[in-house]
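Order of writing sets the chain letters: A, B, C, D and E. Residues in each chain are counted from 1.
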């Protein structure tokens, strides 16, 4: 019976998204309640599905009753379960957070549309994770890309529109690369169903066409995951989007690019040509780590710092994946979890600060830690795990990445990982200095003005994310229930 | 400078692509893997299993119905996104200074619009046997309405097809797919199984469901495209 | 090495003060904060002294490993070396709490200061009780993280600049240390039970590179020559911070790490076969000489004491790097004596600063008459530091001078003597100026409160008493040298 | 199949023309010609379904949307 | 290049032309036209992959033996729908950017 939850997790959010405009004419709070209920349903069914995966490793579902190569099959295995749990929980938290935020920051007419797009984004990502067929994956890639372009531009400012247009251009080009890659793979093998495709590719010699197809698709997902040379769109898009949206974008959407890369590298290619791809992409990841952190150091708009830091943190994840070793992959997946929890908590806190205090620049945020103590505790926990201090999940992922790099004998990669985390620590301390250890400049807005009470709707999601990153921080072993079999499964696919 | 950079990047990428393309199997010969692995079953059993003579519609609706549902979701997302950016045209559209074209043009349009609509309806409903289909029919409906709007003005069209109706139509495709899917689960099979023969539904009922889906796709895509056009056509007041 | 006796005490000893430290942040009333801080230090000292009898018999107390994630596990293992360091820190922690009560009366943000002070010292003790490289690194980094807010507590421009320098040096060291920790775990060892845990089959160059990263990693905290610049800058911090942390907890932890590396990770034979002990000795000697020479020219009292810390910590490094039994004993005893003396010297500097606002050595004229008790203690502590016979300092110098002789490197004996002389040259003039130079302004006797005098005298008199009855720490030092060098 | 060899050069010429004309409205009109020719190419490659869709979308919707967009923005392209 | 893959070459060429427009031309509308050209070129490539010499349209009629491959046509039809959606969204963004960046001279 629980196999049906596989399809319902995807279709329920998308169907509710179509219902919202109809209902919101009479009942103006429809948007929020429908969105939260749909995402609650998806989160519940995600838990049930992960339970199913724990029991028997891989759940498959033939949509429409047709056998796989002819019909479409959606499946969930260990890696999918890890990403599905992350996606559904984060979307639910952000949906609940955005109730008050949206009323304060968006015009009334756009609020139902915000929730429609939020549901489409969440449903698109969940569908992307479950897709078993490359073209199905491409369509879900389109769904969550289109909705994230719109969500970036929803606040209507000229700057955010320009940033979102640049994001749209690069996203469309990356989706065309994926389509071209699919075309090449289809012409070589004749099927779109991934396991069969992988089997057929395994037989063919490693010709130029396969290398081209992989390069195209990996570059496309590289654009989506904002890997170093292809990350130009990210700082503008993530910093100008409304805060709950940038939390989802930084926390989840760029992880979908990473998931896509995993799917291509391990499921379709089976790790073939990993030596040459690995070398190139780990070089790009290494530059991403350093350049992203340096740019983050230079900025003083709080959301711009976090946007650049996302570019650098994604470098860690991709470095981990392209090491093709147990510890590398474990470190990469752990960094996905750590960055998702920490970065979304940080963006949500920044959202509260900006909407309550109205400041974005660090100078204006002097000493705010003392006036919003409860919020700032979670802010510091998230910063600590971003900077990978001991007893945080960031430390465990940094440890495994170093181990993976040293195991392959590439000391310079381990050095880059450590240098990157040192630079991350620098800008985290820079923020902490301003927030806790600086007296508010007297001239700005009456220093000691106490800010309006932060509503529980906003505090609960931040609290859950902060507590989650603390729990996973102290016991990273908890997440290994999913990560260990996932990584072993992936390595098993490498022929 | 930007142009030179672009040309250099493109020539690099071009060489890479052309090299890849040349090593692909020859175009069009029957022994290609594309013609031998998955497709033969569609061509041989397609007619019997889905009752559609046009294999493309068969695949579209029955074998890969999930993809079509998601394709309609993409259309809906595009509309929602455009609305989020431009904001839906206000119900009482502005009285823009619109000059009616000459009588001759209006007469031609009045005669042809019903004909085009009939043709569009034909294209939607005969997707099974001829090379038509829900989506193409929907676009033709949208084009006819756009011609009507260009000739008779936005107010005239909005009076005929109000935003409320369009909003319902836009969501109709996805909801009908959802209903058909849930019906499949209710009858004990998988999602969207009702579009396949395995459940032992009577042949007539299955074809009726396929037709329902086809028509809902047509109407929905038509409504979405009309709304997109109204969004862009709306002239900012003042 | 006999099998470790199982106990949960070390875990409690480390985590209860940490939890109390966190509670301090939530408490608003000052009285409760002081009580919590004192309670934490008493628990620390009580637990450690309870373990003293078993450890002094050569046994080892250890907990069961707590697995946080595959390969990352917390494991506490209390052996003689760890206990010696922990006891010194815990004992001085109690008296620092007493000193801070009076010192922080007029300061602002007291809750934050007390909290971070407790957390810092607790994680310092956590490092000394760590049983494997990962736990050691965990508490090592927590110590740095918790000391940073203490250094920038004043929130003035200078404090922020000092904090930035402190931050840059120590966290680069942190990154290097993690690299070497991961590399060691990759090569093989992780738990400090055997003397040398690295497989000797590795290529010598790789091992030399590993030792080099270890020395850099721990060296930043142990303030060895090129990496010592953060310590004098941190003298800007409030006195309890400079006293306890920069004279005792933080710097000792650096040296403790180096000794663990030399004896537990590499083992004396491997170090000698790699020929790296020469490098360590030379680094120690250069730091000793360099630290003492610069201390001479420092006019600010606290900066002079900070540079003297840089010099004295390298005495211990020299003693440990000579790889001889009495050298190691001398190093450990010197560490204890330096901790006691230097803490009381810093407390005297703090008392003088709070009492008369004088910060510079040149302004100390006639101080002997203004705060006679403080200056008497200052003199006793300076003599102890220089190594005048009855004090513990003399005992440690005695063993330290025997060390190079045993290991046939007698030229470093000369370096030891030279730096002791330099130490005399930069400490005794202060006493001379305080008692025999008349001050410019009117001289009226000031009464320094007991909160200041008690810790100062504990430090100075403690050095004297331990000199006469060195049993508690001497036995531990002997157990350590037997276990490491089979003396 | 032979018609394609005749149509393809047109396609390339029109594509280049669309790129390098400076007047946006002209570019849009040329682009509608491009989709019409593409529709014929689909028909030649044995895909009537797509030919109908391409005509409906290319000539019908996309061009109209482009024209309306160009009317609401500038007509000249600043180089 | 074997004459057989002639259409692949044309598709790639068109792709490059479209890519050049997006990269090099400043006007937003021209970039969107460039994207459309790239899209149509990818569709041409997909359909020519599925083409078959002497095959007729995939409508099953008695007496016709070999058909053109219908799967790429389904893929391209769906991708065309996506292309319309993306173009409409891009156009509305371009219009909104132009209007909120100061109303230039605009005819009704």
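The rule we apply is simple: a residue touches a chain if its C-beta (ideal position, glycine included) is under 8 Å from a C-beta of that chain, and two chains touch if they have at least 3 such contacts.
In this text the structure is predicted, and so the values were computed from the model without any measurement.
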Neighbouring chains shared between subunit B and subunit C, ordered by label: A
Chain-contact steps, minimal, separating subunit E from subunit D: 1
Centroid comparison with subunit C (C-alpha atoms), farthest chain: D
Chain pair showing more contacts of the two, A-E and B-E: B-E
Between subunit A and subunit D, centroid-to-centroid distance (C-alpha), Å: 38
Centroid distance [mean C-alpha coordinates] between subunit E and subunit B, Å: 16
Interchain centroid distance [CA atoms averaged], subunit B/subunit D, Å: 19
Distance between chain centroids, defined by C-alpha means - subunit A, subunit C (Å): 44
Multi-chain contact sites of subunit A, meaning residues that touch two or more partners: 135, 139, 142, 146, 149-150, 153, 156, 161, 180, 186-187, 192
Where subunit E touches two or more other chains at once, by residue number: 7, 13, 15, 19-20, 28, 48-49, 51-53, 55, 57-59, 67, 71-73, 77-78, 82, 84-86, 88-89, 91, 93-96, 99
Residues within subunit C bordering two or more other chains: none
Which pairs of chains touch, using the document's own definition: A-B, A-C, A-E, B-D, B-E, D-E
Subunit E residues within the subunit B interface of the complex: 1-2, 4-9, 12-13, 15-16, 19-20, 23-24, 48-53, 55, 57-61, 66-67, 69-74, 77-78, 81-82, 84-86, 88-89, 91-93, 95-96, 99, 108
Subunit E contact footprint on subunit D (complex, rising order): 1, 4, 8, 11-12, 15-16, 18-19, 24, 27-28, 31, 34-35, 38, 41-42, 45-50, 53-54, 57-58, 61-62, 65-66, 69-74, 77-79
Residues on subunit A engaged by subunit B in the complex (per definition of touch): 4, 7, 11, 14-15, 17-19, 21-22, 25, 61-66, 69-72, 74, 109-110, 113-114, 116-117, 120, 123-124, 127, 135-136, 139-140, 142-143, 146-147, 149-151, 153-154, 156, 161, 180, 184, 186-193, 196, 200, 207-209, 211-213, 215
Of subunit B, residues touching subunit D in the complex: 54, 56-57, 123, 131-133, 135-136, 139-140, 142-143, 146, 225, 228-229, 232-233, 235
Contact footprint of subunit A on subunit E as seen in their complex: 15, 19, 22, 28, 31, 35, 38-39, 42, 45-46, 49, 71-72, 75, 78-79, 82, 85-86, 89-90, 93-94, 96-97, 100-101
